[in-house]
Amino acid sequence: MIQALAEQGTQMMVVLVLAPLLTGYVRCVKARLQRRRGPSVLQPYRDLQRLLNKEVVLPETSSWLFRAAPYGVFSATWVAAALVPTFATNLLFSWSGDLIAIIALLGTGRFIQALAALDVGTSFGGIGSSREVMIASLAEPALIMLVFTIALIAGTTQLSDIAAAVLSPTLGLRVSLALALIGFVIVAIAENARIPVDNPATHLELTMVHEAMVLEYSGRYLAMIDLAAALKLLMYASLIACVFCPWGLAPPGSTLARTGLGMAAWAGKMAVAGTALALFETIVAKMRVFRVPDFLGIALMLGLLGTLLLFVSRSL
Amino acid sequence: MTGFGITGAAIASLATGGLDPVAAVLLVPLGASVLLAVLPGYLWPSRLNVLACLVALLCALLLLWHRPPAGDYLMIDDLNVVFIVLNTFVGFTTAAFSASYIGHELQTGRLTLGLLRFYHAMYQIMMFGMNLALVANNIGLMWVAVELSTLTTVVMVGIYRTPAAIEAAWKYFILGSVGIALALFGTILVYLAARPVVGESAGSMVWTVLISRAAGFDPELLNVAFVFLLLGYGTKVGLAPLHAWLPDAHAEGPTPISAVLSGLLLNVALYALLRFKMLLAANPAALAPGPLMITLGLLSLIFAALMLYRRHDIKRLFAYSSIEHMGIIVFAFGMAGPLGNFAGLLQMTMHSLTKSAIFFTVGHITQAKGTQEMSDMGGLTETHPVLGWTLAAGIAAIAGLPPFGVFTSEFLLLSSTFDRQPLLAAAVVAGLLIAFGALLMLLTPVAFGAPRGRNAHVHASTLPIFAHLALVLTGGIFLPPALVAWFQHVAVLLG
Amino acid sequence: MGAAVPHDFAFDIAHMLAGALVLLSLMMLYQDRLYALINVLALHALVLALSVAWQAWVHDAPHLYITAGIALGFKAVIIPMALRRMVFRLRVHREIETVVGTGLTMLAAIALIALSLQVMLPVTEGVDPVSREDIALALSVVLIGLLMMVTRQNAVSQVAGFMSLENGIVLAATGAQGMPLVVEISVAFSVLIAFIVIGIFLFRIRERFDTVDVEALDAFRGERG
Amino acid sequence: MTVPVVLGCCAGLLLLAVAAGPVARSRHASPLIYGSTGAICLLVCIAALTGGDDALVLPVGLPWLGAHFRLDRLGAVFLALIDLGGTGASLYAIGYGRHEPAPRRVLPFFPAFIAGMNLVVVADDAYTFLFAWELMSLASWALVMADHRSADSQRAGIVYLLMATFSALTLLLAFGLLAAPQGGYAFADMRAGALPPGRAALVLTLALIGAGSKAGLMPLHAWLPLAHPAAPSHVSALMSGVMTKVAIYAFIRIVFDLLGPTTWWWAVPVLTAGGTAATLGVLHALMERDLKRLLAYSTIENVGIVFIGLGLALAFRANAMPAAAALALTAALFHAFNHMLFKSVLFFGAGSVLVATGERNIERLGGLTRVMPVSAACVLIACMAISALPPLNGFASEWLTFQTILVSPALPQWGLRLLVPAVGTLLALAAALAAACFVRAYGIAWLGRPRSACVERARETDRFSLAAMAGFAALCVLAGLFPGLVIDALSPAVQLLVGGRLPSESGLPWLSIEPSADRNTSYNALMVFVFIVGAATTGWVAVHRLGTSAVRRAQLWDCGYPGLGPASEYSAAGYAQPIRRVFGPLAFRSSETVMMPPPGDLSPARIRKHLHDQAWELLYLPLCDAVLALAELFNRFQFLTIRRYLSFVFLALVGLLLALTLWQ
């Protein structure tokens, strides 16, 4: 019991602490790919530190919701991240939410964020918020479709069991899983406001989505939001890892060494994911906002296709 | 001569069986008409008119308990006992309504005192004619009575002497006469069919005799007869395409007469038709009149429903709605079966109560607004709350919405029809919806919205209206067992 | 009295009279002058009176004499006179405008006669031959009368049509032997016709039934909008 | 003993309605009437929850039948739902009713409306059922006509009453089929009798049309967005939150209870209708600017979600999979209950806004959170609940629906196996769009800067209204945190209808819910909530420990353009534009035209968007045109000459004689 609690606690802390690292790592790799030296991997931590020590400049038009929102976004994202098995399965509280619940939790975060963007009553907040909900309204069905595919294979939406099912020898290599993987990646890119859907580094009003929502934030609030974004990225990475390559996940109640092994495996996967993301972002260009639906439509199609193929293979 | 014969019979029965309520129901209006023809002034004649109708009603109510045996000329049975009571009742309430209505007409000078005498006398004669048609035990006599009521109503429709009124009366008169003639031909054929069985005697046109021996009649001859009767009496019922007289007669006559026309006269004609339908039902070999009645009924329903949309004149609107309901009723009897016939009878009762109540309301509204054009009325629920809301209630009732009685009959009709003839039921539903849509579209601005037109104060005699609506309401919630028993018995006889 | 007449002879006479009625109806259709029409109408009523009287004589039903009398006095004399006066007074011009050509109406009338025979004869095997004939021919008279009312655009000729229709019905009523209330019915009908004629006088209905005063009517019929 | 109590209460309500007419003028009438209505509703609610099954026959109604009343578990569930909603609405109205311009047009009909809905649920024969059904429609129609001078209300009233009659007649036909020719109108007889498959399918269709048009399924929804907003807000809450549920009850009663065994393909139309309504409804809501119309459209969406659940239940029931069927039905009922809660709060909020600002167009609102903080908080909770966000109740029910969809691969029929995932996608789409819709609604109306002067005048609403809103918002939270309790409360009804039930949830550790025993998928709202609160506090504490907590109020930065007026705020139309671009062409055949001034011309460029309500344009308008054209055609018969009319008689006679001769 104590150990389980400890595992859960460590997992939560670990994701929280390591989230900025992944972001920093991605930036660093990108810089290298662009033949720049770029900031150090630890730069995000320094940014957080700086933001925390700055005073908050609060628009006088803002209401209580504006101030509460960052904590809401942060906590929702963090809980979602905490429910994803990173280095160990069957964590103590893993049953308190399945894949759908995790998606919905991220939805909660997005909801609050979009509201906060409207709260101050600027045109930029409006732009970002409306684009955000448009993207989400397409990403969510796609995600559900993918979840459906996976659930068909694993027979459940509980992540630990999905991991176990994918690991089980009975399940051979499946086309639909590959399709689901691609779909998942597309959705993850869209949800994390990465290129080509959005550019985390731009402040061009025509292009920005996520950044436009948080323009008015400063100081510790901005810190919370950035941390939440980083958490989200890490969460998606580990979600994909846990669903599509769950190797090395430590079973419940395993020894410290086994847990350590799990940690190492997870760190490896994250590194691979980060590198892949950086590579992808360097080779593709940002697309126009109204091309995004087509991009996400691909994910939806992939989900449906996966389901159909699965039915076919089942019926054989 | 006819009247003579009947009077004789009545007197004879008076001599034999003490005060025979049946005879009284006929004699009271006759006597009253004579009195009213000579009595001058407004106040007393109108009161006498009401009183006479009240007495007739009381006599009719006596029939509910003590039912005299059927004679050669008159009879009371489960079918007509209800309608005679209904007839006298609506006659009474209409008289009460007309008392206040006519008063207003005198003030506005649309009627003179001389015309008033004529009006009251004719009113009583009309009541006499309709009562006679209902209690007649002789198909020839019934025919004469129906013609009598036609003639009286014709002159009353034309009483305003406006070109429109005269034209309406004329149209009514001509079409009615032709219809009557056809009905008579049918009656003769029925006699021909009966003669070989019953033999040449005075009894060979007596209804009770006919129905008891009907099984032996020549079926083909009965069929031909029924065609003539359907068209003849159907003209008076107002079935499309024989309906043409009805809307104008309703629109141009005094409103009490519109109420009587819709509430009673159509019923009387329909009653005559039912009598002959019973004959056919009693004769196994005769072809079922169902298809004919269903066709005419549906035709009238749909036709009237569509005609509603383009109306400007509120009275003509409700006249068409009467055609629509007659269509439903005839359809119901055409569908037959215990439920269908029961529904038809109930619809007849409820419709006459509701429609006359509506015409009472409309009468007062037109007097308050000084016009019959719906475009000049509006926001009645604000300016005349009582009239406005009673109109709304009346529309709900006539449209067959609960808690009113029409709902019961339409419920029975549709649910029993759809099981046998889905398409026909669907057609009826379509007709009902079309009609209801028209009523809503045209009357919502009349009852609601911003007030329009002039708002004269009017002494509305609301008691008759409320009495009718209350009865219709009870009909929707609780039907007295005796009534149900009679209707069920008649429904069986109707086949 | 009477009643000693051999049956077939009685039948022949009745048959002849009824046939004559139908013939007269056809002649009415054929007329194109109002006065001539009225004459034929009177003749029609006369023949009716004869046939009713004959029925009364044959079946020794005295009350039918009343009906015959009415037919003779009222329909064969009074009404035609009234109509003549009307034509004179109202200055109805003497032609009869027809809706459908005379020839066509004649054909239609023939067809109607055929129809009525076709309808009636098969269904009346049960009844005795006289009534059978009478009823069938009466129906054709009725139908022709109705046809006349619909194809003539002239008040007088429409009255004539209605009267011939009504004659047909009386013929049927008397033909159906032993039918009670025949007298009452014929009385009632006479009242009806009287009403019509009076009405025409009263309301000065010149050309057609449906115009009392055309200009006045458009106002009230104006639910076109 | 329950049914007599309920009937007594209904009688009481009707008496109130009668009494309300005369006294409505007086100042104390409205609190009195609403107060007693609320009390009676509460009483019925308690009776429904505590009482047992029981039946009663009164000697009224159809003569040889009598009026049958019966309360079973299903009825009890809906009775509780109705009267809970009724209580809330009455409580709200105690305060809201003061602002009523014409109380005489509202007070008498409000209790009658509630009485009608209650009677529908306890009715046990077709006549009584339809009687109560029409009573409900009529009373609500009168309430829609409350503001009778406005042309919109009149139009709404006409369309509404017509559609209501249509649905009643359709149900009447359905009952006509169910009652055998000898007229067994009592529900007991209908249950006993078995129908041939063809007729059963016909009954299903009729029930779907009849109940669906009342519940607002597309394309029979046309009356709903007109009528619900036209009524006073507490009535809108009742119509949207409760009356649609009565329609759903009617569908369940007929299809699941009276109709007997089901065939698998019956699920197809229900699922399709549900999916369409869910998606199109929320898309319409997204395009809407009128706050109450927006809510009405979102009602259509939620009804669609409920019908998806019902369709799934039918599918599983037909394949004898009671556990899955129970899951689906539970999800549907649960969502119906939730929708009653949050939709009521939302309409209450809309009403408060209307009272405070006199404005329903969200383009002219904004910044209400500062002037009406409590209402703002309640409405925010409701918005999050209706957007299906954990840990609130909306998510709990939609989560159950998704779980049902995940069971669907077990279905044997290919058609269903392929249809259900598609419907699932539609459901997810609807959920995401709902979130977008309510971000827009709340963000534009309540947040940001005031867009018009009407907001400055605004004040917080009275305490009764606040109590009603806060109470229901709290219920939203509770039902979200302890879904197990609700599910267990629904189980008897589910058991009754599909012969299976969910495993008892109250036994599970930490009150988590687990839809099916074999697949250990679970969701624990309470735990998630605790986690979120914990995380938030941790974050807050940590931040204030590690960094400063200094705050400086300053002007908007606005990307370097401060001092722009509220006109520069994002408008509701602009907010919906991206989604309109994506879904509009399909859903509304929408198009945009931009009018650019020529170079050098300083006049502003204009953009005009064209949206088409396809239901109107493809179904209703053609119908109306056809009827009117026919009317025009027939109207000629009014103006013929007597001779022509006579010729009709003549032709009819000849025709019939010919027919007769040919016949014989």
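Each chain gets a letter, A, B, C and D, in the order it is written, and its residues are counted from 1.
The rule is short, and it goes like this: a contact is a pair of C-beta atoms (placed from the backbone, for glycine too) under 8 Å apart; a residue touches a chain by one contact, two chains touch by 3 or more.
Worth saying up front: this structure is predicted, and the values here are computed from it rather than measured.
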item: Touching both subunit A and subunit D (chains); value: none
item: Farthest chain (mean CA position) relative to subunit B; value: A
item: Chain pair with more C-beta contacts, B-D versus B-C; value: B-D
item: Chain centre separation (subunit B, subunit C; CA means) in Å; value: 31
item: Geometric centre distance via CA averages, subunit D-subunit B, whole Å; value: 45
item: Subunit A-subunit B separation of Cα centroids, rounded to whole Å; value: 79
item: Geometric centre distance via CA averages, subunit D-subunit C, whole Å; value: 69
item: Multi-partner residues of subunit D (each touching 2 or more other chains); value: 635, 638, 642, 646, 649, 653, 657, 660, 664
item: Shared interface positions of subunit B, touching two or more other chains; value: 170-171, 174, 178, 220, 223-224, 310
item: Contacts with two or more other chains, residues of subunit A listed in rising order; value: none
item: Which pairs of chains touch, using the document's own definition; value: A-D, B-C, B-D, C-D
item: Parts of subunit C lying in touch with subunit D, wherever the complex brings them together; value: 99, 112, 115-116, 118-119, 122-123, 143, 146-147, 149-150, 153, 158, 208-211, 221, 223-224
item: For the subunit D and subunit A complex, residues of the former touching the latter; value: 366-367, 369-370, 373, 380, 384, 387-390, 395, 399, 402-403, 405-406, 409, 414, 417-418, 421-422, 424-429, 431-433, 435-436, 439-440, 442-444, 447-449, 510, 512, 519-524, 527-528, 531-536, 539-540, 543-544, 546-559, 564, 566, 568-570, 574-579, 581-582
item: Subunit B partner contacts - residues on subunit C that touch it in the complex; value: 119-120, 122-127, 131, 135, 138-139, 142, 146, 149, 162, 165-166, 169, 172-173, 176-181, 183-185, 187-189, 191-192, 195-196, 199, 203, 205, 209-210, 212-213, 216-217, 219-220, 223, 225
item: Subunit C contact footprint on subunit D (complex, rising order); value: 635, 638-639, 641-643, 646-647, 649-650, 653-654, 657-658, 660-661, 664
item: Interface residues, subunit B side, partner subunit D - complex; value: 170-171, 174-175, 178-179, 182, 220, 223-224, 227-228, 230-231, 235, 241-242, 244-245, 247, 287, 292, 303, 306-310, 337, 339, 379, 381, 396, 399, 401-403, 407-408, 411-412, 414-420, 422, 425-426, 429, 432-434, 436-438, 440-441, 444-445, 448-450, 476-479, 481, 484
